[in-house]
Every structure is written in C-alpha cells, then in structure tokens.
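Structures for review follow.
Across the two complexes that follow, chain A remains constant while its partner is chain B and subsequently chain C.
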Partner chain A sequence: MNSSALIHAVIDGVLTGSVYALMATGLTLIFGVMDIINVAQGIFVILGAYLSYALSVHWGIDSFVGLVITIPTLFLVGIVVERAFIGRLKGPEKTAMSILVTYAISLVIEGSLNMIFSVNYVQISASYVNKTFRIFGVYFAYIYVYGFIMAAILLVALYVMLYRTRFGASIRASLADQTAAALVGIDVKRVSTICFGIGIAVTAAGGMVFGATNAFNASTSYDLISRLLVIIVLGGMGSLGGALLAGILMVTLEDIVGVVWSPVWSIIAFYIVLVIVLSIRPQGLFGKQSARVA
Partner chain B sequence: MLKKKVNLLWLVAFAIALFVPNIITNPAYRQIAVITLIFTACATSWNMFSGYSGYVALGSAAFYGTGAYTMALVALHLHVHAGGDMFWLVPVGGIAAMLVAIPVGLIALRVRRHTFVVITIAIFFVFQLAAINFGFTGGTGGLTLPYIPWMIQNYHVPFYYVALAMLVFAIALSASVRRSRFGLQLLAIRDDEDRALGLGVKVFPVKLTGFAMSAFTIGMGGALYAMMQGQIYPQFVFDPIFDISIALMAFFGGFGTLLGPILGGLVLESSQQYLTVSYSNGSLYLILFGVLFLLVVLFMPQGIVVFIRDWWAKRQDRLAAANEAVGVQGGHS
Partner chain C sequence: MKRKGKLFRACGVTSVAAATVMMMATASGASSSGSIAKGAPVKIGISLSLSGDFSADGLAYQQGYKLWAADVNASGGLLGHKVVLDITSDASSPTQVVTNYQKLISVDHVNLTFGPFSTLLTLPAAQTVNRYGYAMIEGAGGGPSVFQAGLKNVFDVTLPVAYDLKPFATWLTSLPASTRPKTISYVTSNDPFTQPVVQEAQKLIGKSVKTVYNKVFPAEATDYTSIADAVAAAKAQVVVLGSVDVPTVSAFMQAFEQAHYTPEAFIATAGPDQGAAFIKAVGAGNADGMMVPNSWYGGSKNPASRKMVAEYVKKYGGTAAGVNADIAEAYSVGQAMAQAVTATKGFNNAAIIKYLHSGPTLSSVQGSVKFDALGENTAQTAYTFQWQGAKFVEVNPVGDPGAVKVLFPKPAWGK
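Entry: the complex of A and B
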C-alpha cells in the first residue's frame, strides 16, 4: 500500500459517495415525510440505469443528456406508485406494511426487467466512461467527476427547493410534524405524493452513474438497497444532512478499507461501522432522539 | 363449545398432516412438502417475536444460515454417522442460532422499530458476507455434508416427520407464549412500548428473550434444510428472500395471530415451490408473486385470518338481524 493509492481511494470515495448520498437523500426524504421505508429504492435505481442504458443503446442518446427524459419519467412513476399503493397505507403497522408493499413492487419491477433485458449483466457505455485525466499526479476518471458534478447540482437544487421555496417549507413542516403541518393548512397528502416522486426521481440520476460505473442486472438492487438503508440509518432516519454525510463517509471508508486491507472486507467494514455507531448513538448521527413511535 | 370445535380442527389437521407422505409419493413433491413445513415453522416462530412485539425483523436468514452451517460443520468435523443420527444436530443448530441471536439482539434491540428493521437487514448482510469470505465456511463453493445413503423414493419421509414435529413445536411454543404473562408483555410492547416500560415491564430483557426464542426454531429449520439438501451455499442459506418470505407469510395470514403464519406459510411456500418446480421462468413467477402480495396487503391489510374472521362476524350479525326481523314479523301476524 502506498499513500497515492490511499489518496486515490479517498478521492474516488468522495466522488462516488456523493452519488450514493443523492440516492439516499431520496430514501430518507420519503421516510421522513411519510414514515415509509421504501425498499424498492434499489430497484428504482436499477430501473433508472436500464432506462439510460436503453436510451443510449437504441437511440444513441448520451446518458447525461438522457436525464432530461429519465428523471421526469421516474418522477411520474413515483407519483403513480404513491397514488396507487403507498398512499393507501394507514394504521399503526403502516411502516412495516410499507416495507412489504414496496418489496412487492420491487419484485414486480425485478421480474419485468428480467423479462425485458434478461439477467445478463450490462453496463452503460459512453466515450467518457473509461477515460481518465491527471491533476497533480492523481488520476481522475471522467465518469466519477461528471457523476459528482451532477450529484452536487441535483443536491444543491434539492436543498434550494427545500430551504428557499414555500413548497420546501411545507415539506420541512411535514418532516417535523405531520399533524401540526396539517393543522396550519398544509396539504400533507399532496406533499407526500410529490415527495415520493422526488425521492424516486433522484434514482434516475443515481442509477445512470451507477450503471456507467458498474455492470448491473435487476438483482444488483439487493446490494444497492442494503447499502442505501445502512446510509440513512447511520445518518439518522429522516435527516437529509445525515444521509449526505453518511453517504460520502461510508463509501470513502469502503474504498479506504479496500485499499489498505482487502476489497473483500471493505463491504463488511461498511456494516461494522453501522453497528458500532448505533451501539453508541442508537438514533444515528443526526437522528432525532424523539424518533419514537408508540 | 367453540373451544372444543377448534381443538378438534387442530387434531384433524394434524391427522391429515401425518398421512401426507402416503398421499404424495413423488419425491419432488415430497421435498416441496418438507420445505413448506420448514418455512411454516420458521414463519410461526418469526411471528412469535415480530408479530407479538411489533418489531419486524428482516434478518432472520442470519439464524437460518447459522443453523445450516452448524449442521454442516458439526457433522463434518465430528464425523457424525451419515443417517438418522444427524437429526440430533437439528436442535444443536437451533441452539447455535439462539447463541448468535443474543449479541445480535443486544445491538439491534437498542433502537426502536423502524430502525430495528434496517439494522436486522444490515446484520444479515454481515453474516452472508462472512459466510462467503471466511475459510472454514467453504466460501462461495459452500459445504457438502456427509452423504446419507437412503433410497431416493423414500428419502424425504423422515425429514417430513421431523419437520412436522418442528412445526408442532413452533405452534405449541407460540400458543403458550401468547397465553403467558411473557406474551402479554410482548403484546404490551407492541401497543405502547413507553407505557409498558412505565408500568414495569422489563422491556429490554423481554424483547431479547423473545428474539432469541424465535431464533431457535429458525436455526433448527436451517439445520434440517441443510441435512436434507446435503449441500449448502452461502447465498442460498443466507438468502434475503428468506427474510422477506417468512415476514410475508405472517402478514399474508395475519400478523400477530397464531393461525396467520401457519396458513400463510402453507399456502405461499407450497405454491412458490410448486411454481418454481413447474415453471422454469422465474421472472414471471416474481411478477405473479409480487402482484398477489400487493393485492393481499392492500385489500386485506390485516391478513386473511382477520379478514375471514371479520367477514364471518358480519355474516353472523346479518343472520341474527334477519332472524330478528323474521321474529318481529311473526309477532305481528
């Protein structure tokens, strides 16, 4: 091991971590506003990846350009899914039921993707996928840098929307307390639907970068969702800043362990950090202590 | 009188179950029957903790896999005679799973429900990765158990009766927990954990005990499965589908009810196994399963058992009302 490999691991970790942070932000937003654990987030990422893949293979549309199609498409898919299934859930077991419903949705999508695209692994290819450039002796892969820039833009856009607009204020109000939000006249149902749409829409962007940097098929979603869940628990469920920080931290850590020790153990390190952090702070890094549901 | 009827029903069901190997003689279908019983026992046991306490655990495959690997490793290293003697290792697998469940519970049960779900998933993945990466587990190649030289035609029959005994054990345990003070404490935690704590329920030890108890049967299930298959792979005994399947069975039948997971397990696992044996197209199966699952959750969110019970109660009410109406009319004439 040498220090340049370590620096490389840190840089790659931060660059890819930002993409995970984007996907995890969608997941934690959905949980925070709706009390829904969306285990279909993994398959939505893969769906986004396949959409970009199909656009580039069949119509030759560049994957970054294709985002203007895939992001709105997945936003609409999210709206439809929320209206048709998620919005109907209520009662004390709502969160547990949400896991089952979203899991069922993910099975349906997984089966459909297998039928359409077969189970063979594919990867999105573009001129910049395997190219690198060099600054101060450190190599950067274009796709990681582009992915980072895209994730950063989308995250900033999301934060501006949340903290600078009136609609964002109603989302944050619903995050803090649904009943109180409804009492001051916020249409919590509408906010929930749109939040779910936004939470799914970010997977189009995340999935595109994921699909360009990894070979994938529909069952890759299991690995993805377990990572995303770990990230949002570590950050504190429902905390947007927590998801962002934990996403970058975890992926960087994974890359460092991969370089210092062995890639085999890097993913285990991911889970062990979670276990250690939770033994000290059960609510996660930025979770609210009051996150108790009777 | 109703009580007697119910007991009679259990007896009839048990008697029918005893003769299933005589009715089903095809080894492939007998295997389906054994796996169905194993899964139903696991679902019943899962429900005994998760259903009663409301803490949905989605990492139970960690215990299933632990049981399976315990069976394989002990049988291999202690040179247990291949054959009926290996059945003694089934409870050993259960105990190993229970021992594993205690530290897991110490970590996972510190948090409240939503986070608990996610942590159990994460812990499950730690187990799966460990099984893949440690040397003594044989890695992705898995382990081959001592070969049991039984005739293929009746190979599954002993497994069937052991699995049936395991299911009866799981049901008896779940029923007695439900009726006990301990079971009431679990239910109190499900309804309102803070209030239960305030009323003097030692919440943490109760949860941990329930969690470890449910791991016991699940570990036995894994051990029995490993023995029957004769070969285990980390991705099949530590399978995320297992986690979700047994939860689904419980929800399908009726979360937190005694009968629910039994019904759910028998219906879902047998149909799933049958479909996978009959149709090689796994994708179509995934879609069908997912759609069925969605329909059940959306239209019978409390599960089939509660749905039928409510429907029956309504029907009785209607009949009673109709009778009354007839009675009133009769009075007039």
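Entry: the complex of A and C
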C-alpha cells in the first residue's frame, strides 16, 4: 500500500460519499418531519437515474442540464405519492405501516421500470464520465468532482432553505414537535407534503450521478436502500448534518479499509464503527432521543 | 453463467413463517410418484428471480424455459402430456426460493421441478425439493457448494464452474516466454460462484505469471471505485475478475479507463457473456477484447443450438451474438428432463434420479450432458469467448476448430 493509493481512497470516499449523503438527506428529512421510513428511497434514486438516462438517450439532453427537468419531476412525483398514500397513514402504527406502504410503492415502481426499460443494465454516458485529471500522481474522474460540487450546492441550498427561510422555520418546528408546530399555526400537513416532495426530488440528482458511475437496473435499488438506511441510522434519524457526515464517513472508511487491509473487510469495518457508535449514542451521531432536529 | 450473492429483502421473516406453514402442509400434499391422468398436463415448478439482484438472469432463464416448453408442446408434449410451466418469483432471495419450492410441490402439486438461477439459490432449492424426493435439473448452480452438499437429486447441465477458466489458464501459460505477460491481478467477489473459479485459475496459472494483486471484495459492495483503483494501481498485464453480473464488470472497466490503465488481457467470470445487455451497458468500443468463460455462445454450430437461437431471434429480436447464455442453459435443462422422462417412460422422480445417475449421455443445445455421482456435467468442454469488434467469438481452447485467434493485447478502452 502506498501513500498515493491512500490519498486516492480518501478523496474517492469524500467525493462519492457526498452523493450518498445527498440521497440519504432526502430520507432523513422525510423521517424527521413525517415519522415515515421511506424504503422506496432506493427506487426513487433509480427512477431519477432512468429519467436522466432517458433524457440523455432520447433527447440528447446532458444529464446535469437535465436536472432542471428531473428534479421538479420527482418533486411532483413525491407530492403525488404523499397525497395518495403516505399522507393517509395515521395513528401510532404510522411509522411501521410506512415501511409496508413504501415497500409496496417500491415494488410497483420497480415493476413499471422493468416493463418500460427492461431488466437489462444501462448506464448514463457523457463526455465527462470517463474524462480525468491527475493530482498527487493519481487520476480522478470529473464526474465524481462534478457530482461532489452538485451535492454540495444542493446540500447548501437545503441548509439555506431550512435555516434562512420562513418555510424552513416551519420545517424545523415540525421536526422538533409536530403538535406544538400545529398549535402555533403551522400547516404541518402542507409542510409534510412539501418535505416529502423535497426528499424525493434530491434523488433525481443523486440518481443521475449514481447512474453515470454505475450500470443499473431497477433491482439495483435494493442495494442502495440498505446503504441509505444505514447512513441515516449512523447520522441520527432526522438529522441532515448527520446524514452528510455519515455518508462521507461510510464510503471513506470502506475505501480506506479496502486499500489498507482488504476490500472484503471494508463493509464489516463500517458496521463495527456503526455498532460502536450506536452503543455509545443509540440515537446516532447527531440524533436526539426525544425529538429530531437538524 | 453467473451466480451471485447479494441480497436485501424486507420480507425475510414473513418468508420464514410461510415456509413453516408450507412444511406443515406437506402432509396433505406432494407426490413425486409420477402418475398423470390421460390428457392432463405435466406441471413443472420453477422458482426464478424475476425481481431483485438476479432479475436480468432470472428473466432470461424464464425465456429459455418458455422457449423449450413451446418447442416441446409443438411436438406433442412430454409423453403426450402438454407441458405447463408453473413459474414463481423468488425476488433473488435464498429464503423465498425455499418457500416457493415448498409451495410448488405441496400446494401446486407440480410433477417435476427445474432449478432457479445462481448457486446461491440452487443450493437451498435443491435441498428443499430433495426432502420431497424430487429431481432438480438446473443450469446455473455450478458452484462447488451445490455438489459438496451430498445431495443425490441435483443435476447441473452446465459445466461445473471450477473448470471455467482452465482454457484461459492453459492459453496464458502456453504463450511463448517472450510474449507471455509477466504480471497478473486476481480480484473476486466473495460469492459461491466466483471465488472457486478464480481460485482454480490461480492454481492453474501458478507461478507462470507473477501475482501482483490478489484480493476478495464483498458481494454486497455497491461502489467498486476504490477496489478497481487499487487493481489499476497494481498495473498488472492480466486481470482476472470474479464478477457475478454486468454492473461489476462495467464498474471495473470504467475505473480502469479513468485510471488510464488497459490490461493486456482482461477476463471476467460473468458479465461479458450477457450479449446485447453487456454491450448496452459498457459500449461496443469498450467491450473489444473483453473475455469471459462459458460453455455456450450464440454462434455455436450445434444444430439444436442454431435452431433454438433462430427461434429466439424470431420471437424476441436481436442477433445470434446477442443471445444470453442463460437462454441456452435453461433450454438445456428442459432437454435433459425430456430425455429422462422419455427414457423412464414416466414422471416418477425417483426413477428419473436413478436414470440420470446411471450415466447416460444426453444431448442439449450446450452440447453433451453426462452426470457424475455428484450431479456435475462431465461431458462438457469449457470455452473462452471474447468480444472482437461487434462479434462474440470463441478463442479457447487453443486449437479447437471453432476457435479464432485471441485479440491480444487488448485494445485500449474506447478504441
């Protein structure tokens, strides 16, 4: 193992981890505001990837430019799904039921994507996907850097929305205590619907980068959702900052262990860290036991 | 031929519960005795991965099985009984596959069973149907773990995977010292299909080529960048990749291209054999020179194979080179079962198992089939195939009449 390989692993981990963090941010936002565990987040990521793929293949629209279309599209999809299914969940079993409902949604979307695109793997192609630059003696692909920049911009935008806008204050109030938020006049139902839309909309961006760096089909979503759930558990359910840190930590740690030790231990090493963290802080790195705040 | 091991299923507990219920229901149920009323169809139970990680292969298998059933029914069925396939999805889950076969046998009362996709799923499936006395002829459970389980009812019509890379290893080590690569990297998923293949290749190649990288990565990996970067950094002239599907190979190819690293020879245990699906994912330019072991390809001269390929292309479109090897594997399963049924003059599973162990040489679109005591097909030959331009051609064994010269060294990516 040489130092350049280690540097490569760290930089790769940060670049790739930021995209996972973006995908997980939507998941944790939805849980934080709505108490919904959205196990369909993985298939929404893949839906975002397919939308970018379709725009690129059929209309020649660059995938980053296409985000102008795919992000609002998935936002609307999220709104429709929330209104049709998620918003109807009530009562003390709401969180548990949400797993079943979103799993069913996931299966329906998976089946639909298989019918439309077949089960054959596809990958988004663009001139910059395999273009590289050299630093510290190793090559880095522009797509990862662009993906990192895009994730950073979107995460900052989310942060600004949450902490610098009136609507963000409504979200944070709902995150902290839905009943209290409703008592002070916040339309929690509306906030929930929009939050779900935002949570799904970010998958368009994450899915685009994922689809440009990996061959995928609808079933790829199962591998994704398991990782995203682990990220938000480590970061703290409902914590945006936690999702960001955990996403980067997870991929970077795996990459370092893979280079320094062996790839076969990379995932195990991460889970060891997860167990240690949860044994000390059961609520995750940034989660709070009684209320979830960003 | 790809058998892999990644899974995520939220319904595991439900499946276990359902499996228990099915086990309890067997008292009322299954019969492998083989008597079918005159005019009644023969039902064949199959669990396939129609969703989940193996869905691409599972759906190809479904096409292969259906193609065989259509052909058999067109020629009068099995012993005059129309073949009806009872296919159910296991969602690529080893738990669900057990539930499915229990249901197929004890509730649906199928007469025969065909195998699922992958070594990972074939082992629990074969163990399950074995409890009911059913034979399981399969085409995708070639990993050693299936044959080491001590089952007498499992028969794999495809070449055992451990021998997959033998022709490649023979070719590599027989190259003149002046042109033979000096360094090699081995990297494989920790999957019951891929690891034995790569380990066997290491044994065969031995010290003829110096190993500069040798690592195993988890089957659950979704991001291969750092692993592929480490392989690229080793700069070996040859790469042997134990892959289970197209995305794995595609990820390594992309990372190699990004690292400006082109191995002189690059063979992957699965992925490049997926025909048009592989090309679609990686691009025709990048596929050039990629090698894969297999026992069949769309351009096979076997008359039965040519007929099947023509039927497939007519029904589903595409070209012969684009026909997935899974189709031939599934079709061969049906052919082997049909010959066993004909030879035993019935659908008695015990008789079929006894017959298949008696050492008959059967024919299939993949070539001859002859089972040893473990159920491995000892009559098949391993081949190495390579993408050369838009063609998928046989390159090994060296000297085989159908083999063309290996494209070596491999062209640079995208050329």
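The rule we apply is simple: the second predicted complex is superposed on the first by the 288 of 294 C-alpha atoms of A that agree within 3 Å, B and C clash if a C-alpha of one lies under 4 Å from a C-alpha of the other, contacts with A are read in each partner's own complex, and residues count from 1 in each chain.
Here is the rule we use: contacts are C-beta pairs under 8 Å (C-beta built on N, C-alpha and C of every residue); 3 or more make two chains touch, one makes a residue touch a chain.
Please read these numbers as outputs of a predicted model, since none were measured by experiment.
S.K.: Please determine, from the superposition on chain A, whether chain B and chain C clash or fit.
M.R.: clash
S.K.: On the A-aligned overlay, A:T73 touches which partner chain: chain B = first, chain C = second, or both, or neither?
M.R.: Touch partners of A:T73: none, neither chain B nor chain C.
S.K.: Using the touch definition from the top, say if A:I99 reaches chain B (first), chain C (second), both or neither.
M.R.: both
S.K.: When the two structures are overlaid on chain A, which partner does A:R88 contact: first (chain B), second (chain C), both, or neither?
M.R.: A:R88 contacts chain B only, not chain C.
S.K.: Taking the superposition as given, does A:H8 touch the first partner, chain B, the second, chain C, both, or neither?
M.R.: second
S.K.: Considering only the touch criterion stated at the top, classify A:Q178 as touching first (chain B), second (chain C), both, or neither.
M.R.: neither
S.K.: Could you say whether A:V108 touches chain B, chain C, both of them, or neither, answering first, second, both or neither?
M.R.: So A:V108 only meets chain B here.
S.K.: Have a look at where A:I267 lands relative to chain B and chain C in the superposition and call it first, second, both or neither.
M.R.: The answer is both, since A:I267 touches chain B and chain C.
S.K.: Output check: A:Y222 vs chain B and chain C. Expected answer is one of first, second, both, neither. What do you get?
M.R.: A:Y222 sits against chain B and chain C alike.
S.K.: With the two structures laid over each other on chain A, which partner does A:V275 touch: chain B (first), chain C (second), both, or neither?
M.R.: Only chain B; A:V275 stays clear of chain C.
S.K.: Give me the intersection of chain A's contacts with chain B and its contacts with chain C, in residue numbers.
M.R.: 99, 103, 107, 110-111, 114, 222, 226, 264, 267-268
S.K.: So in the complex, which bits of chain A are touching chain B?
M.R.: 31, 35, 37, 85, 88-89, 91-93, 95-97, 99-101, 103-108, 110-112, 114-115, 222, 226, 229-230, 232-233, 237, 264-265, 267-268, 271-272, 274-275, 278-279, 282-284, 287, 291-294
S.K.: Taking the complex as given, what residues does chain B use to touch chain A?
M.R.: Counting only chain B, the residues touching chain A are 54, 56, 58, 107, 110-115, 117-119, 121-123, 125-126, 129-130, 133, 191-195, 240, 244, 247-248, 251, 255, 282-287, 289-291, 293-294, 297-298, 301.
S.K.: Write out the stretch or stretches of chain C touching chain A in their complex.
M.R.: 6-10, 51-56, 59, 92, 187, 190, 215-218, 220-223, 225-227, 229-230, 233, 245-247, 250-251, 254, 257-260, 276-277, 280-283, 413-414
S.K.: Could you please specify the touching residues of chain A with respect to chain C in the complex?
M.R.: Its residues touching chain C are 2, 4-5, 8-9, 12-13, 16, 39, 99, 103, 107, 110-111, 114, 119-123, 125, 129-130, 132, 138-141, 144, 213-220, 222-227, 251, 254-255, 258-259, 262-264, 266-268.
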